[in-house]
Amino acid sequence: MARNLRKAGHAVTAYNRTRSRAEELAAEGASLASRLADACQGEAVITMLADDAAVEELVLGEGGVVSGLRSGAIHVSMSTISVALSQRLADAHAKAGSGYVAAPVFGRPTAAAAAQLSIVAAGPTVYVERSRALFEAMGQKTFLLGENAAAANLVKVTGNFLIAAMLESLGEAFALGRKAGVDPALLLDILTGTIFPAPIYKSYGGMIAEQKFEPAGFKLSLGLKDVRLALAAAESLNVPLPIASLVRDHFITAIALGRGSLDWSALALVCAEQAGL
Amino acid sequence: MARNLRKAGHAVTAYNRTRSRAEELAAEGASLASRLADACQGEAVITMLADDAAVEELVLGEGGVVSGLRSGAIHVSMSTISVALSQRLADAHAKAGSGYVAAPVFGRPTAAAAAQLSIVAAGPTVYVERSRALFEAMGQKTFLLGENAAAANLVKVTGNFLIAAMLESLGEAFALGRKAGVDPALLLDILTGTIFPAPIYKSYGGMIAEQKFEPAGFKLSLGLKDVRLALAAAESLNVPLPIASLVRDHFITAIALGRGSLDWSALALVCAEQAGL
Amino acid sequence: MARNLRKAGHAVTAYNRTRSRAEELAAEGASLASRLADACQGEAVITMLADDAAVEELVLGEGGVVSGLRSGAIHVSMSTISVALSQRLADAHAKAGSGYVAAPVFGRPTAAAAAQLSIVAAGPTVYVERSRALFEAMGQKTFLLGENAAAANLVKVTGNFLIAAMLESLGEAFALGRKAGVDPALLLDILTGTIFPAPIYKSYGGMIAEQKFEPAGFKLSLGLKDVRLALAAAESLNVPLPIASLVRDHFITAIALGRGSLDWSALALVCAEQAGL
Amino acid sequence: MARNLRKAGHAVTAYNRTRSRAEELAAEGASLASRLADACQGEAVITMLADDAAVEELVLGEGGVVSGLRSGAIHVSMSTISVALSQRLADAHAKAGSGYVAAPVFGRPTAAAAAQLSIVAAGPTVYVERSRALFEAMGQKTFLLGENAAAANLVKVTGNFLIAAMLESLGEAFALGRKAGVDPALLLDILTGTIFPAPIYKSYGGMIAEQKFEPAGFKLSLGLKDVRLALAAAESLNVPLPIASLVRDHFITAIALGRGSLDWSALALVCAEQAGL
């Protein structure tokens, strides 16, 4: 993402808690910030971090982004974080006089490298508009959700919930097919050749048909994290998500059995084992 | 389907328990069978009926297809029926010396009219091969599953289970989105413009986003029937299908509340109501 | 039960498809029927059989109880059977001019031996009243449910569903306790010493705390059968039973893993294994 | 509980954030603390508060119990709080040199008034032993769980989860019974007269049979809180609790429909409505 920003002509200053990772970018011509504050001097700071804890520390902590940004500069938060934390970030920036745009992404690392991400952006219009050149440098499509920044995070976790629901459903379907003696590769051909002709069904379906859950494109433990974010957002709005509850239970079983580092499509392994396969 | 067979040059004799429906085809040139036995004189009999009970009566009942077919003629069963009944039909035909091919279809009525069905066929190779000209006249693709006829029915109910799972998942996602103030049409655009670019997500997602469940393309009560068929096939193979169990419960709630005649995407209505929408 | 009828002074004629079992009773003084019809000559026939299939064959089959009873004699059906079959039996007896009382029981084999069963009886009042002397000979309490015989079967399967729900709940609770390092025996003492001071919590809880599921007091495969009966009755009345659905899935997993012959409290084993224990 | 301590001869100093409530006790002879610190001068401080947030503020906050207790004095935490918070309290007290005993209770307000609570206590033996005189003044039974204080909280939330599971199960059973035309009062008599002769089945079953969920003995919103605590404890130990997940979803539905202030047995109302009652 940083590379694509530079390619589009933006001046980029890199900061990473693991300095060597920022140095890779510096070797290619980005400026190197040795302290977070040094990365907060421009028009915008983009954060892309693992989880709520990391974002909370770097943004709201002492010497964090909120305190480091100059007035009117923008924090573009692209991590997959909780709706509640996104709301807290919005409040903190509003109070500090800085801008906040939530802009989580859909797309795998290869899509990020190819500037083919899909970006779901929300926040005060003035800041979103000023961020659009950044989105165009990193992604192929930007969806604008309106003034409420946290809504973008809700859409992101909803999307990941739907993928997890698909994985669990496919896992059950393939367990049934296998016990009935149907060749998994053929079952996949039929499903993706008729009802579900979508790349995501083909790629994850292929992993499930072959029962090959390594290397992990997205770790099962992260899948649990995202479903938990969906459930938390839903609970705060009084929305039951029974499929998410069920998927959460299966993720937990997978982790209890030592499979947290497999790809999240290994939900299908839980389904297979519960059928005695 | 009958029209497409005639277009492809096959001689068709039509029989329907509601005579007027067969007469429509007769008006276009098909022969009219006033009794079922008269429709069983050719090389193959194709059945396309509502449910197990109808198929059982017409095929295994007195004067039914099994007793009416001459030796070596083929019964091509294209209805969505239970795996258990399909197995019984296979056994009955084997005993009677007639052929049996299970060939359920994926595709809406418009696909059937346009000879664009996808057909999943299974049964003894000799009979499947002799049936291929029929499949080519009615469909665009035929998937061959092997000698075990009932496996084709299992794949069909598995496919319908996966659609129901998708409907429930979308229903939960849109309930969450709506309570968070996200425009349903925009949420649909994002989902189908990123993760799920498949026609089935667009069409059913559109019904759910607009909460427009009439007219029914496929009635909710039929959806329950098919999920029940998936659960029954799975139980006989000792395969738990927790998503199917959950979907079944929601179908039952929908029916208890008087919505059995809505489109099966009205599963989303249950989700919305359980969120207080 | 037959012994207790004799002790109370009733003349008993025994019939069992496995003749040796009836001979045991004959050795104690009961008359021995070599054919079912010979057991249908008295005022009442009591059936206590394993499942729907056995009852259907012996009652509705050729030479069965319905055809063997003389006019006005009573068939007292004490087996745990489906609500639907009980209704069919009621209809068949009504048509044949014989009486029908559904009278399933709560209680273990030891309670049956001690004439301590609880009996839930329903059917036309005249027949229920004439059956009371029989109930008093076999049980300690009789609950009268009214004219609709099948309602008694519904109450019986509802009771067994509630036991299964309790077993699953305890299984989850003990899995949690064990992973938290709480001594299972102490957890059981606390639960039965505070909230749940009922013998059924103590006995099944003890099996779960010790993870000792053999010998089976009631086989897990029979537990699945009874939960399936509850789900079937509920579906015909459009009542979702999500806990029963969940328990059914866990029973199926247990059976898929080869535990169908363990006691049904081995539901707790599924819970433990899904927690990685 | 404070009254019973005084009756047993203990000197009691009362503190409540709502001063008037402490004044009631002062009127009866207890000392009145106008600041929290004034309540921390004795040998032990007992806290009984609504939830994690209240406990966290009063115990860990500025001027809180941890900082107010003198060395070797004991904090006896009797609230129903999360396992994670209890662990944090244990750590904080250990660091501060004060004692910590977790001692949540089972029993309704009437049991508390009558000194009939059941107390589940855990913590370092020396502190638990010194607290026993307090437990004897407030309860009828004390269960000792060992050195790990948080285990007592885990047992408490496990117990409340089991009650919620029972409520949901009964709710489903009574929905089925009602749709089958079985008199709810009679169904309750049968269940509690046979399988479940426990006061808790009688009292909650009575509320469900009569569909009388007010006044609330324990609010539904608090039930959700406790099931959430069980799920959180279980997740941190990698234990799936599918029944708890399901119950949580139904609690959320009840709250979405405006029933958070009813008694938690109103889970049965969700069951009834989902059956179209």
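Each chain gets a letter, A, B, C and D, in the order it is written, and its residues are counted from 1.
Note that in this section a residue touches a chain if its C-beta (ideal position, glycine included) is under 8 Å from a C-beta of that chain, and two chains touch if they have at least 3 such contacts.
On a predicted model such as this, the values are computed, not experimentally measured, just so you know.
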Higher-contact pair (C-beta pairs counted), B-D versus A-D: A-D
Whole-Å gap separating chain A and chain D, where each centre is the average of the chain's CA atoms: 38
Chain B and chain D: spacing of chain centres that average the CA atoms, whole Å: 52
Of all residues in chain D, the ones touching two or more other chains: 234, 238-242, 246, 249, 253, 256, 274-276
Arrangement of touching chains [line / ring / star / complete / other]: complete
In the complex with chain A, residue positions of chain B that touch it: 83, 106-107, 118, 120, 141, 143, 145, 148, 151, 154-155, 158-159, 161-163, 165-166, 168-170, 172-173, 175-177, 179-182, 186-187, 189-191, 193-201, 230, 233-234, 237-244, 246, 274-276
Footprint of chain A on chain C - complex, ascending: 249, 253, 256-258, 274-276
Contact footprint of chain C on chain B as seen in their complex: 228, 234-235, 238-242, 245-246, 248-250, 252-253, 255-256
